[in-house]
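Next up, some structures in structure tokens.
Look at the two complexes coming up: chain A is in both, with chain B in one and chain C in the other.
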Partner chain A sequence: MSQILVNGLLTGGLYALVAVGFSLVWGVMNVVNIAHASYIMLGAYITYWLFHLYGLDPFLSIPVSMAALFLLGYAVGSLVLNRVVRFGLVMTLVLTFGIDMILQNGALLLWSADYRSITPAYAGQGLAAGGVMIPYVRLAVFVLAVLFVALFSLFLSRTRMGNAIKATALNPFAAELNGVRIQRVYALTYAIGAALAAAAGSMVSVVYTIHPQVGNVFLTRAFVITVLGGLGSIPGALLGGVILGLAESLATVTVGIGWSEAISFTLLVAILIVRPQGLLGKRFFGGVG
Partner chain B sequence: MVSEPLLRVEGLEVAYGEVQVLWGLDLAVAEQEVVALVGSNGAGKTTTLKALAGALRPRAGRIVFEGRDITGRPAADAVRTGIVLVPEGRQLFAGMSVHENLMMGAYARQDGMGAIRQDLDWVYELFRELAKKRGQLAGTLSGGEQQMCAIGRGLMAKPRLLLLDELSLGLAPVIVDRLVEIVTRIHRERGLAILLVEQDLNVALAMAGRGYVLETGRLVRSGAAEELLADEAVRAAYLGM
Partner chain C sequence: MNGSSMGRRGAGLILGAVVLAALVLPPFYLSGYWVRVITGLLMYGALASAINIMVGLAGYPALGNIVFFGTGAYTVAVLMVKADTPFFLALAVAGVVAAVYAALLGAAVLRLRGAYFSIATIGINHATSELVTNLDGLTGGGRGTIVPFFPGSIEAERMFFYFLMLALMLLATGTVYLISRNRLGYGLRAIKADEQAASVMGVNTTRYKVLAWTISAGLTGLVGGAYAYWLAFLEPPYVFDIVMSVKVYIMAILGGAGTVIGPVVGAFFLELLSELIWGRFLEAHMLVLGIVVVLVVLFVPRGFVDLAGRLARALAGGSASRRAEGVRSDG
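Now for the complex of A and B:
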């Protein structure tokens, strides 16, 4: 039983990182970013290829995948998304869906649909304590994921740019009156979202087998976690991630692994009925009051 | 006026789509001057301020500030040239603290943390109510406190020209009196040029030395505050009768 809880917790940390960038883009720009799935996938492939072609340790390639996706995200944000962001949720949903299709099919063409995985030398090793087995890789992923989420939270609350992002999320008109160039903030927010997705993707490639559609299951989870934790809330993403991780882990031993998607959506519906602003939804953010 | 005024507006025309709301507006604000823009609902007062602050793009006309043509500059640039709008309805960052709101006012400043801190102390001294609530979320403040926070945020931008839109809207008379007193004090202490918009004629001309009267997008009269206050036609036009 404790093994199940540990597994759930470890997975939950990664889920939180998967969700936090998605939640940011949604909360700040009011964009449900379907392409988040592709950014996770691209992060995973960058780490995979750097490992296979150059033998670069998967954890060391995280900065590379983040930087690459930051640039891609900034380009997509400033050149494409900024043109339609004021037309509302449906328009941007369709657009990011299109971007996602292009990137996923591009990956299929380039790298085929083969399942691939990374096996560094330390892959099989782990920590055994009190009848519980904790693989080093998964522990490292958990610690790093939580660290990234914490650093990102500090960035938002402590830096001038972070405050500009928050202000833009709350009131874009007032932000502009205070001198914030909101188009730039949107592009930057989108780029940060993509970079966080890439970090999550790099870690996904160490834990799971990857393929061009690998991001899709995580996108579903990011969506559920964002609603569960509260739109735009970082502690919410962390809590939501851990809850979903534990719920899925418990589901595998009780009702079977095939039910994990059903668990996700049951949680989604339940939270929407009981507490639509999410568990840690903040006042005045995301228009829920 | 002999020398070039701080702000000079010539033939300003603004439209929302097909609907034109400003027709050839001319006005000027000199250095250290407080000017009121009065008129009934829908006269185009808020539109004028928004155009000056870069939040609306004029269809025609010129906005000259400190001798430079700044027509059509976006809002984020207007702040940097020194024109700061305290908008109607406060428009605070509701989910951020009073302190964070005030610091957002200083977002575009380049003159260093020392100067910003000095202004912050000054704002807290002007609005003692805010000093006690600096950690509180702006959205949870009372209406009067929100207006104070909005003015404070505007001051934090270190304006050369402060635009105040409907200061008194929805506030109790005691609070309005206090705001009028503070605006007068700001003008006295800093010699700040202010262009203010008000529905309440008495409130407007209590602060301003000079005024312009707008009626359905056109300038119908201008003059010294006392003159306008005494003018029966102005009172009639102002009340929309």
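Now for the complex of A and C:
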């Protein structure tokens, strides 16, 4: 039982990081970013190739994948998304779905559908305590993921740029009157979302086998966690991630692994209906939409 | 005045006859490949019209509407495989099952708006797909299920499915036409414009929305049932396919959501394009399709019908101003 809880908690930390960028983009820009799945996948592949071609430790390649995806995110945000944001949420959802199709199928053409995995020298080792087994890799991923989420939270509350992003989320019109350049904030927010997805993707590649569709599973989780925790809420993403991790871990042993998506989505629909602002959420754009 | 209305009616009759001929004649002249392609176009036309009731008329982005397609498909498959039900009876049941499913879900889910509603529909699609996969005693699960083959020659089969899909498309488009000129249509447009105001004005918004979704789902379920018999082999990912769902949604937007004929035009255009892309870039066709999706959102966000209308107005406006200038120079 305690093993199940530990597994759930460790997975939950990674889920929180997967969700936080998605939640940010949704909360600030009112964009449901389907391409988040591809950004996770690209982050995972960057780490994979740096490990296989140059022997770079997967944890050291995280800054590289974040930087690359930040640039890609900035380009997509400023060149494509900013033109369409005013058409509303459903149009941007469809747009990012198209971007996701392009990136995913591009990856499929480049790297084939093969399942790939990273096995650093320390892969099999772990910590055993009180009948519970904790692999080092998963522990490191958990700690790093929570650290990233915490750092990002500090960035939002302590820096000028972070404050501009928060102001835009609350009221874009008022923010603009106060001299915030909305278009630039949007592009930057989108880029940060992509970079966070890349960090999550790099860590995904250490724990799971990867393939061009690997991001999709995590996208559905990001959806559930964001709705669970509330749009744009960072503590909400942490809490939601851990709840979902635990729920899935428990569901796997009680009703079987085939039902995990059904459980996530039933949870999602139920929460949407009962408490659409999420557990810790304030009403950002989503409450209006 | 009278003469011009007579002329217009004559033109309408001729246009109607041409369209009818264009729809009925192809299977008698074209090759098997093209008959299959056009059958696919008709199917997408029917699906786009069905989703149009929700997206275009009520303004509810039912992005996961494909769940009713899958539900209809599996209803036909299970009834034909497990109970030896004749196809048309199974098809009718499929429509009813999908409609009832929507009615049951609608009461709860239609309280959500905008993106929340669309995400809930995507969630329902995933959950239903997993349910079908897990009930493998009944549905064949992840291994899929083989639906009984059409009993007849290849030519007869080709004709059968062509006219079946044509009938379903006409049914779906006709339904949109009827709804849009009916009390239900006015109520839905009021909901789309401002739901609260509609409710204050005495529109029973919940009843209207649930009714619209029930009709949309019933039609989608019928098309799914027909597809199951046409394809003869089903797997959950084929018929609960979110890519297909988004494609249908894009078709409705591309043609012009809320118009009667727009979604059909959008469906024909995109599916034909997709077929040509498929033929030319077998490997990259999903990638090219993604590019098309992005371009549509960037450049035709309000649809062909709106685009054509604006072009026509621009031309008419141009000639009107020229006339006005002419008058001025005469004076």
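Heads up, the rule we're going with is that the second predicted complex is superposed on the first by the 282 of 289 C-alpha atoms of A that agree within 3 Å, B and C clash if a C-alpha of one lies under 4 Å from a C-alpha of the other, contacts with A are read in each partner's own complex, and residues count from 1 in each chain.
Operating definition for what follows: a contact is a pair of C-beta atoms (placed from the backbone, for glycine too) under 8 Å apart; a residue touches a chain by one contact, two chains touch by 3 or more.
What you see is a predicted model; the values in this text were computed from it and never measured.
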| item | value |
| --- | --- |
| Three-chain arrangement built on chain A, chain B and chain C clash or fit | fit |
| Touched partner set for A:Leu93, first chain B, second chain C, both or neither | second |
| Partner chain in contact with A:Asn171 - chain B first, chain C second, else both or neither | first |
| Which superposed partner A:His52 touches (first chain B, second chain C, both, neither) | neither |
| Partner chain in contact with A:Asn163 - chain B first, chain C second, else both or neither | first |
| Superposition-derived comparison: chain B or chain C, residues of chain A touched | C |
| Which superposed partner A:Arg181 touches (first chain B, second chain C, both, neither) | first |
| Partner chain in contact with A:Glu261 - chain B first, chain C second, else both or neither | second |
| Minimum C-alpha spacing, chains overlaid - chain B and chain C, in Å | 15 |
| Chain A positions touched by chain B in one structure and by chain C in the second | none |
| List of chain B residues in touch with chain A within their complex | 53, 55, 74-76, 79-80, 84-85, 87, 91-96, 100, 103-105, 107-108, 137, 139, 153, 157 |
| Contact footprint of chain C on chain A as seen in their complex | 32, 80, 83-84, 87-91, 93-95, 97-102, 104-106, 108-109, 220, 223, 227, 258-259, 261-262, 265-266, 268-269, 272-273, 276, 286, 289 |
| Chain B contact footprint on chain A (complex, rising order) | 160, 163-164, 166-167, 170-171, 173-182, 282-285 |
| Residues of chain C that touch chain A when the two form their complex | 61, 63, 108-109, 111-116, 118-120, 123-124, 126-127, 130-131, 133-134, 243, 246, 249-250, 253, 283-284, 286-287, 289-294, 296-298, 301 |
